[in-house]
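Chain naming follows the written order as A, B, C and D, and within any one chain the residues start at number 1.
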């Protein structure tokens, strides 16, 4: 099998390596000539034998739409584009329609695994027609972790289902991380009683209900910096968390922990909180409570 | 009528003034001789004609329990103690029992109104036996705002009911303040669109569903400092808010907004957040995401 | 002054009455001939002397956009359209642009007050250019409550600011209602102690920090049905609450109480909760905990 | 080694089996003679050679305190009691003091693992003096899972630290479960797009950030009943979750996801929600919104 791969940033580059290691020939394109195999998308289309499969792994939003548009110009009827970036699932129908005008097939795929995926394989969630998914199975098999296929890959549903599932995955991930963080703060706050916070987390790695990869990472992080002295409590959020809450609102699904985890990140990035200024000002008004001068 | 009043801090002092203005004779005791009418509780007991009514208005916790204990020693059977401090409602049964040994009656009373109460009157919630409540009605009438009695005073229930009602009042108050604060931050965040944040709140004072005293105070605070530049987003919390959530847990009552408003205050007082350090550390571990160095 | 008014449902009809009572001539149009003053928008345009002002008060979404589009066809350069419906603020730029093609001016106006507005006046928040706002002041003055103009009306900012302010108003309103509801449940849960729940709320109407119109309504509701025996805990939500959270996400504003109040409404409408089924299933798996069979 | 074990319910019984399988002699006592090895605690004390170790595994609260009190009467100076039940950590100081009067040592131990612990081993968190912990290591080693000791056991800190750590463990567990449940509901709500909800969870078991034992259990539960048709969304909560929030309040630690997960359980058990009745009543009052008749 010989496929095209557009986008050779950290993720795309690692995926090319993993695909090649599995015996799949890959022609990669990236605007950065230092990592690109070909000069442009036309050259990529010329290099990959048809009917072609091209995996797109570029930043979500206008860049992804731009690449899809450009691919529509150089690919042919019957080719298949797999969009593996962090796109909002509502983009997929648009991208699929854009390619369908030229008779090009479309599959969306959510990819989990971060920097560890290169080594461990990626968790994959795909959306699209059954025939298109089956055609791409060797690629999915190369990228996913070893073990039973269904434990690292799913054909989740129609076009958009892959990115929707990935969005929910990230929403859950946000809440899981916040749960761990609250537990950490509870142990950390009781230093008169708890003398080995790292040890407590470490001891949960076997036999407990909460054992998980995030726990293992937390233990690793604590072992490197047991008091988190070198790290600030400042946390970015990517689009998926917000989209999850937005979709929850659209579907009347209550998501108190997912939303709480996102709000905690918002607060973490504020130098001072406008809302807490307002609360302080109110207390001063009605109770004569002292306020801290800014 | 001639009553005793123990505790002449800001609240007690204002209440003495208001009671006297209503024609009730008050003998006040406070450890601070500058404000006290008598030298000690024995002198207070001697000065107030029996059967006595003594209002206790001292800091909640051990100080209140101490005063109640001391009063048990100097008062007589048939006297009535009204405990008006910010006590936890679970203290009242204990205090009532302590006095009951000597045949002294007990009423608890939650008092709302802050610094404005001196002028506007206090919202009062009392707990105890009907006969005891009725005996103290002239005092309640003097302290409560003008208008129909039932709009500023309630016999809420058994001993402890006054402080329980006041606790719930404060729990609601916390959530109301947080709601206003979130609205403020939403308006403040959209300064490209909203050119007059103060004006928006001001315009809600008549005709809207949200009109209220807290809104009026928010308008006042914004008029004094429209950007809250002089105030830090740092907010203390008193016991009542926490007790409300504790009671919610005891009674399996969901209180998502009250608890959120308390947690927001906790966060407002942290220089850095241990839990958000943990989240940042986790993101770094699995995604190689950059962290801010502390 | 003589203006046009499109939409004579409950709100529009009441507003026509209030405008006429203030001496403003109103030609109203509604698809329902029983309440309409004219046969169609063309007739309305013919009836109102230019330069015209037309107030639009129809359901938000496609119906509002449809009316704006139709008005663009019958109005003339220099006319002014005021959109007073419950539209999302992001619609306003679109509507303004649509009318601007014909040289027609645009103001958006958020309207609060519900069924009480007819009698008490409406809280009004307007967005648009200063000259357009000033031109419409007699209308705003007729609709707003009596008292100082700035306590019932605001020129909040640019086009869209009126609907944005109204959206935030409703977000706050949701959280305020939830705060009151949690307080109610806390008092209701403690019936062994609290013997007069209605009385407690009633006693907060004067002198307390929490006094407000919502409290008065809660007292009224409890007086009509003290145990809420006739009412189900099932609550709809309109768009504004969801939009508020969406905007909070767009602007990285933490809104824990507003979101909690919306999620509580979502849950209130579920016959059974899919998420709580999942929790029950998990508990059964790891702990052998009994589950309730559906 | 030969120890005593008080309490042979589901947990205690499994632990006796596991201890014996590891070569530790166990004399167990339970009020139920069908499972008990001896007639009473005196007989247990007589059977176990001194200096004795006795593990207590009975329901938390008065029953545990009762057993500790009874053991103080039959044990001797230098004996060691390990309290392994689901006790609140604040009980431990009391229990330790009670035994210290007789010169009996005390260790508290939080135990995780549920019904799977018998086979997989239990996660153990112990509090107490170093010498006492070391003396009991063979027992901990027999009960904990295979693998490195520090991945299934920790000496967390002073007396009470074991139960505190277990309490935090359960608080985290609650929030993790709720996070998974919200994700499930989000996938379930989008059945037009997501055709294989079970498959999605299954595919997250390898390579993803969220892989964990709870995920595996969720997959198992969904495979048994893919729509959760046989299970009601009704969820009990044990003490630990509530204690976690209580401790968070005591230590000013914000726990938005843990509290949200507990409130969700409270709501799940209500036939109708008093607070949502109040919200519905308020909406009816101000907006004339229709309510559902109970």
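Side notes on the structure shown:
The criterion applied here is as follows: contacts are C-beta pairs under 8 Å (C-beta built on N, C-alpha and C of every residue); 3 or more make two chains touch, one makes a residue touch a chain.
All values reported here derive from a predicted model rather than from experimental measurement.
Interface comparison, B-D against A-D: more C-beta pairs in contact at A-D. The chain with its Cα centroid farthest from the Cα centroid of chain D is C. A separation of 47 Å divides the Cα centre of chain A from that of chain B. Centre-to-centre separation between chain B and chain D, using Cα means, comes to 37 Å. Taking each chain's centre as the average of its CA atoms, chain A and chain D sit 33 Å apart.
In chain B, the residues that reach two or more other chains under the touch definition are 114, 116, 178, 180, 182, 185, 189, 209, 213-214, 252-256, 260, 263-264, 267, 275, 286-287.
Listing the residues of chain A that touch chain D in their complex gives 89, 112-114, 117, 120-125, 127, 144-147, 150-158, 160-161, 164-165, 168-169, 171-173, 175-176, 178-180, 182-183, 185-187, 189-190, 192-196, 199-200, 202-215, 244, 247-248, 251-258, 260-261, 263-264.
Remark: chain A residues 10, 114-116, 177-178, 180-182, 184-185, 188-189, 213-214, 217-218, 220-222, 225, 228-236, 256, 264-265, 267-268, 272-289, 291-294 touch chain B in the complex. Across the interface of their complex, chain D is touched by residues 209, 242, 245-246, 249-250, 252-256, 259-260, 262-264, 266-267, 269, 275, 286-287 of chain B.
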